[in-house]
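When the chains are written out, they are named A, B, C and D in that same order, and each has its own residue count from 1.
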Amino acid sequence: MSALNVALIGYGFMGKAHSNAYAQVGHFFPQLTKVRRKVVCGRGHAGLQALAHAWGWEETETDWRRVIERSDVDVVDVCTPNYLHAEIAIAAAEAGKMVLCEKPLANTLAEAEAMVAAAAGVPTFVWFNYRRVPAVEFAARLLAQERIGRVYQYRSQYLQQWGPDPNRPNNWKMSKRTAGSGVNGDLNSHLLDMAMMLLGPIREVSATMETFLPEKPDPSKPGQTYRIDIDDAVLVQARFASGTLGSFEASRFATGFQNDNSFVAHGESGMLEFHFEDLNHLTYADMSGEPDLRGRRKVLAPATGPQANPHFWKPGHPIGYEHTFIKSLADFLAGIDVGEPARPTFEDGLAVQRVLDAVERSARERRWIETGA
Amino acid sequence: MSALNVALIGYGFMGKAHSNAYAQVGHFFPQLTKVRRKVVCGRGHAGLQALAHAWGWEETETDWRRVIERSDVDVVDVCTPNYLHAEIAIAAAEAGKMVLCEKPLANTLAEAEAMVAAAAGVPTFVWFNYRRVPAVEFAARLLAQERIGRVYQYRSQYLQQWGPDPNRPNNWKMSKRTAGSGVNGDLNSHLLDMAMMLLGPIREVSATMETFLPEKPDPSKPGQTYRIDIDDAVLVQARFASGTLGSFEASRFATGFQNDNSFVAHGESGMLEFHFEDLNHLTYADMSGEPDLRGRRKVLAPATGPQANPHFWKPGHPIGYEHTFIKSLADFLAGIDVGEPARPTFEDGLAVQRVLDAVERSARERRWIETGA
Amino acid sequence: MSALNVALIGYGFMGKAHSNAYAQVGHFFPQLTKVRRKVVCGRGHAGLQALAHAWGWEETETDWRRVIERSDVDVVDVCTPNYLHAEIAIAAAEAGKMVLCEKPLANTLAEAEAMVAAAAGVPTFVWFNYRRVPAVEFAARLLAQERIGRVYQYRSQYLQQWGPDPNRPNNWKMSKRTAGSGVNGDLNSHLLDMAMMLLGPIREVSATMETFLPEKPDPSKPGQTYRIDIDDAVLVQARFASGTLGSFEASRFATGFQNDNSFVAHGESGMLEFHFEDLNHLTYADMSGEPDLRGRRKVLAPATGPQANPHFWKPGHPIGYEHTFIKSLADFLAGIDVGEPARPTFEDGLAVQRVLDAVERSARERRWIETGA
Amino acid sequence: MSALNVALIGYGFMGKAHSNAYAQVGHFFPQLTKVRRKVVCGRGHAGLQALAHAWGWEETETDWRRVIERSDVDVVDVCTPNYLHAEIAIAAAEAGKMVLCEKPLANTLAEAEAMVAAAAGVPTFVWFNYRRVPAVEFAARLLAQERIGRVYQYRSQYLQQWGPDPNRPNNWKMSKRTAGSGVNGDLNSHLLDMAMMLLGPIREVSATMETFLPEKPDPSKPGQTYRIDIDDAVLVQARFASGTLGSFEASRFATGFQNDNSFVAHGESGMLEFHFEDLNHLTYADMSGEPDLRGRRKVLAPATGPQANPHFWKPGHPIGYEHTFIKSLADFLAGIDVGEPARPTFEDGLAVQRVLDAVERSARERRWIETGA
C-alpha cells in the first residue's frame, strides 16, 4: 500500500501528541504502511500555523468539511473538543475515510451509537492511549496467561489536582455542552477502557458524582466568576461480567497527585499494580511462590526476558507519555495491513460510553444501573 | 489514686496486645495512675496459663461472671470474640466497673445501643488502636490546624490477603453468629473510626458487600468444607456531614497486601496520606508552597519539631504495632486522672456501629442509607 | 537458674533502651532465665531517679565501683560514655560478673584488647543491636542458604543529619577524649558489625574522614563556640576476606535522612537490601527466576512462611527500634542457658575495633591499611 | 542559517538514539537551525541499511574518511566504539567540521588532549546525555540558586547488572583495546560529568577497580571462554575544589538494578536526590522549613511553576530516555545559533577524562591522586 494521507482535525495538546505519533511511527515501526502528514485543520490561525510548521504538516485548512471532501485524504483524525466528535466522525466515515477519534468517543450515548452506525464500513479507532503503556500491555498478557488466576477485585483511580486552582482559565472542558461531562468522560473513560480491555465487560455500576466548586473566579475576567455544570469527581462501584468486584475513582480535586492513572488487580495467585507516574514499571506479587519471599516487586516493563517487546529502546531506558500514541498508531496501521482492526474501535468506544452513561444515571437516581453488557 | 486492678477477659492475640499495654504503660507514662495485672480470664486452660505466666497476670479465672463479681477488680477489659462483648460489658458496667472493649463494639446495632445505655455511669473505652498511631495523631492535629483547608475527598482502605488461603483454619471470625460480620466489623470499623475522628460524622453511605468464597475446604477436616456467611470485601461511598466525599474499601482478598490500613485526605491547600505498612511516616503535600517545589513528602511521625511527642523513643527510632495499644491505655488513664473520658468511648463505638449497620443495609437494599448522624 | 540480678551503669537514652529490654524480655521470651532490674547507677541525681522510677529498678547507686563489688549483682551492663567502657567493663569482669557493653566496645584498639583479655573468663556481649532487626537476621539466613550466591559487592550507609544543627548542644559525643571518634565509632561501627556478621572478616580498607564544621556555636553559651575534634563523616572502601568488594559511608551531615542505616548486597543470583527507615521489610531481587518478572520486591520480615520467627507479633504487625534490644538480650540469655555465648561477644567487638582503627590510620596515612583479619 | 547537513558515523544503539534526536529536534524546538540527516556511515551492511531506512538518512557510506571529505557535510557525529573516537574526531575537526562525539571522549587521556587540540577551531560537543534529564537540569538550577547552601557530601552511583549474565555476547565493550576501560569510561564518566556540571571541578581521588570475572564463557562459542581485561566495578572517594566530599560507584555487577544512574547532594539547607529509574522526579528535602513537616519530597521535573520548562509535554506527562538526546542536540544548535558553545564541549570531556585517568592511576597505585584541576 502506498502512504496513507492523514488529515488532523484539531491542533491543541492532543494535536501535538498525534502529530508526534505520525512523525515517529515510521521510525520505530519501519515495516508498516507509511503515513503522510497531509493537512491539519483548525480555526485558530496562529496556533494552527505553529503546529503545522513545527511538525511538518504539508497544508493547513480552517474548515473541516473541506478536508473531508478531499479525495487525497485517506485518514481523518478527530481531536477537537468532544461536542464535535460525532458530527465530524460521521461525516468522515460517510465520505469513506478511515476515522480515528480522541476519547471519549462522544458527548452522549446516542451520539456514540450514531457514530458506530455511520462508521460500520470503515476502519475506526479511539485514542484510549493508556492501554498502550508497555506495563499495561504486559499486565494484559499476564492476565491472559492466567498468572494471577481468578481476579477477585480491581481498583482503579485517575487522580489530578488542577480543579481547585484559581488561576486555571475556563475552557471547553468545564461545560457540559462542549465536554459532555467532567471527569467521567475525561478521566474515568480511560479507567473503564483499561479495565474492560484487561477484564472484559462491566455488568452494573453504582456511582456518585460531585461538583465541589460549582462557581469559580474567572482568572481572565477579574471580579467575575463562571459556573461549572460538570462533575469534579466520580466514584464507581462495579461488577464485571466475570464476577470481579470493581471500584473506580476519578478526580480533578485529588491534591497531591498531578496525573496518576493507576490500577490494582487482586487475583487468587497474584497481584498486578500500575501507576502512570511510574509508567516503566509493573508491580507484581506472586502468591504461588515461596511464602517467606513473597512481596510486591517492581518489574521493568517492557519485560526483559522472552516476553520483551522493545519497540522503542532497550529495557532500562524509559519511554514516556508520547510513546503510548506512537504504539496506538502502529497497532492501527498493523491492523489495516492485515485486515483485522486494532482495538479500541468505535464499537469499543461505544462500550465505554454505555458504562459512562450508566454511571451518570446511577449517580442521578442513586441506585445500581445495569449497563446492558 | 492507688493502682487500678485490671481483669482481662480473653487471652488470644488481642489478650497479648493488651497485656503488653498494661505491662508497659507505667514505663513510658510513669506519671499516670498505675495498673495492676490482677486476673486474666478464659476457657482454654493451656493458652490461658501461658499468657498469665508470660505476662505476669497474678491470677487466672475461667468464668467471667466470677471475675465481674470480685470487689478487688476496678477495670474489666473485654477482648473475647465479638458475640460476647455485649453480655460481658453490660454485666461489668452494671457491677460498676470501668469497661474497655475490643472493636467492633458489638455484633449488632441493638447490642451496641444496650451497651451504651448500661454503661452510662462508668468510664468506657473502645480499642480502636489505629487512631493512636503517632502519624494518625499528627494528621489529626494538622487537620485541626486547618493545614490542608477544606477536605474535598477522603479515601481509606484496609487491605489483607488471607481470605483465599486454603490452609487458614475456620474460626469465630468466619461466622456471622460469632463475629457479627466479616470485614465490615473487623476492618472497616477501624477505617470508619479513624475517618470520623479526623473529619467528623458520616451522613450517608452507599455500599457493596461480597463473599468471594462462600464455601472453603476445612484444613482441619480433610475432604470437608465449611460454609462462610460473612463478607470478604466491602466497598463504601460516603458523604460526611462536613461535605467531604468519602470512599472506603476493606478486604481479606486483597492479595499482595498483608495488613495495609491507609487513608488519603485531599484538601484545598494540602494532602495527607498514611499507610500502616509505613506507620512511622505521614505523607504530606503542601499546595500553598512554591509551585516548582511541590511534591509528596514523607514526614517522620512523631514530628521532630515543636509538635514532637516522643512518648516512646526519639524521632528516627521507629515504634511498632504494640505502641498503639500502650498509647490508647495511657490516654484512657489520663482521662480517668483528669475526669474527662478519653475517646473513643462506647458512645463513639456506637457511632461507628451505626455506620456499619447502614453499610449492611445499603448493601442489602442496593441504595443510599442515611446513618442518622 | 534463678533470676539474674542486673546492674545498669548509665541512665541516658541507652539506659532507657536497655531498661525496656530487661522489662520486656521475659514477656516475649518466657522460657528464658529471668532477669531482675536490681540496681541502676549514675551520677545525675534527678535523671537517675526518674529512670529508676519509670522502669522499676529496685535501687539506685552513684558509684559504679560499689555496684561491681556487690555480691548480689550477676550482670553488669555498661552504657556510659565510651571513654568509661574499658575501665568499668574490666573491673566488672575481674569481679567475675557477666558484662554487657554498649558499642563501640572501646575508645581505642588498645582498650578493646585489654577488655577482651580481662573478660576471657566471663560471658560478654556488645550491644550492636541492629544485627537483631528481623530483616537483618533474615538476610543472614538467606546468605547462609546461599540464596544470592557469591556476593560481588556490598554497600552500606548510615545517614544522620543532626551535624549542622546549630541548636544541638555540645556533649560527650563531640569530643575525641570522651567518644574516641565521631561517626566512625558511633555509626560506622554498626555498619561494620552487620557487614562482618553477614559476610565475614574485612581484610583491608581505604578510608577518608572529614570534619565539616570544626567549630560550632554553643547553643548553651550565646556568642561562644566550641571546637570539634571528631569526624563528621567517614567513607570506606573495603575488601572482605571472601573477596567481596565493600563500600561504607557514615555521616551526621547527610541532610534529608534522620537515621537511615542501610545495606545492599549484590550477589550472583540475587540482591538483598535493607533500610532501617523501613525495618519491617527486606528487599530481595531474584536473578535466577523468570527473567520477564524480575524485580526488587519488599518482603515482610520477619518472614511469613516456614522461616517465620514471630517472637513479637504476627507478620504484618510492625515492630520497632526497641525490639532489637529485647532480641539481643534474649539471645544473650539463651546463650547463657545453653552455655554457648551469643554474638557479638567482646571478641567480636574487638574485631570491629580493629577495622575502626584501620579506618582511622588509612584516613590519616591516605593509603590502604590491612586489618590483620 | 540554512539546514546543517549531518553525517553520523556508527549505527548501533547510539546511532538509533542520535537518529531520533536529529529527527525530533525540529519538532520540539522549531525555532532552531534545522538539521538534515544527510549520511550515515558504518561497516555492517544490513544494520546500516536498516537504520538508514527506518530513520530516513538520505545516503549511506561505508568509509568514514570519504564522509569527512564531503563538502556537503557540516556536522560529523561520532558514535563508533571508543577506540575510533580520536582518529575520526580529529580528522573531522581538521576538515573543519563541527564534531559531536559519544562519551567517553577517548580511550586515553593523551587521545583526549589531542582531540581538544585538533578541534580548537570548531564547535564540539560530547554526548553526556544524562545531564539533560529535566530533573538534573532542575537540580543544577536549584544549586545555582543556593537552595541547599554549602554542599557537604555528594554520592553518586551507576548500577547495572548485566556483568554476570552468561548469555551476554562478547563485544567491543569488554576489551581495553577497543573500550579503553570498563565501567570507568562507560558509566563513571557519566557520573563525573554530572557531578562536575553540578558542583565544579574534582581535585583529587582515591579509587578501587575490580574485575570480578576475568574469564567468561563465550555464548557464541560453546565450551570456550574469553578473557576480560577491563573493570567490572569502580569505587571512588573524591574531594571537589569546592570542599565537597564525594563518593562514586559504578558497576555492571550490581544485581537488582537495570540502569540506575543516581546522585544525592547533602547541603546545609537541603538535599537533592535523583534516580534515572524515576527520571521525571527530583527528590528534595528542605532543611530550612518548618521542622515538624520536613521530609523528602518527590518533585515533578520539569517543574510545574515559574521554573517550568516544558519543552516536550505538560508536567505530569513523563518523558523518557530519548529526550535527553533531543535536548542535548537542541542546546548544541542553540549554542551555534548564538555563537556560544553549549556544554559539554570537548574541553569538558577532557576534564572528565582527566578524572577517569586519575581514578585508574589511583586504583593501580593504591593512593590518592590529584587530577590537576
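Convention: a contact is a pair of C-beta atoms (placed from the backbone, for glycine too) under 8 Å apart; a residue touches a chain by one contact, two chains touch by 3 or more.
What you are looking at is a predicted structure, and each value in this text was computed from that prediction instead of being measured.
Novice: What chains touch subunit A and also subunit B?
Specialist: Output, common partners of subunit A and subunit B: C, D.
Novice: Measuring between Cα centroids, which chain is at the maximum distance from subunit B?
Specialist: So the farthest one, by centre of C-alpha atoms, is D.
Novice: A-D versus B-D: which interface comes out with more C-beta contact pairs?
Specialist: A-D
Novice: Report the inter-chain centroid distance for subunit B and subunit D in whole angstrom, where each centroid is the mean of the CA atoms.
Specialist: Result: the chain centres lie 54 Å from each other.
Novice: Provide the C-alpha centroid distance between subunit C and subunit D, rounded to the nearest whole angstrom.
Specialist: Comparing mean C-alpha positions, subunit D is 41 Å from subunit C.
Novice: Which whole number of Å gives the spacing of the CA centres of subunit A and subunit D?
Specialist: 35
Novice: What parts of subunit C, by residue number, touch at least two of the other chains?
Specialist: 285, 296, 300, 304
Novice: Would you pull the subunit D residues touching subunit A in the complex into a rising list?
Specialist: These residues of subunit D touch subunit A: 13, 16-17, 19-20, 23-24, 26-28, 30, 50, 53-56, 160, 258-259, 276-280, 300, 304, 312-323.
Novice: Looking at the complex, which residues from subunit A come into contact with subunit B?
Specialist: 148, 152-153, 155, 161, 163-164, 206, 208, 210, 212, 232-233, 235, 237, 245, 247, 249, 251, 253-257, 264, 266-271, 273, 285, 287, 296, 366-368
Novice: Under the stated contact criterion, what part of subunit C meets subunit A in this complex?
Specialist: 281, 283-286, 290-300, 303-308
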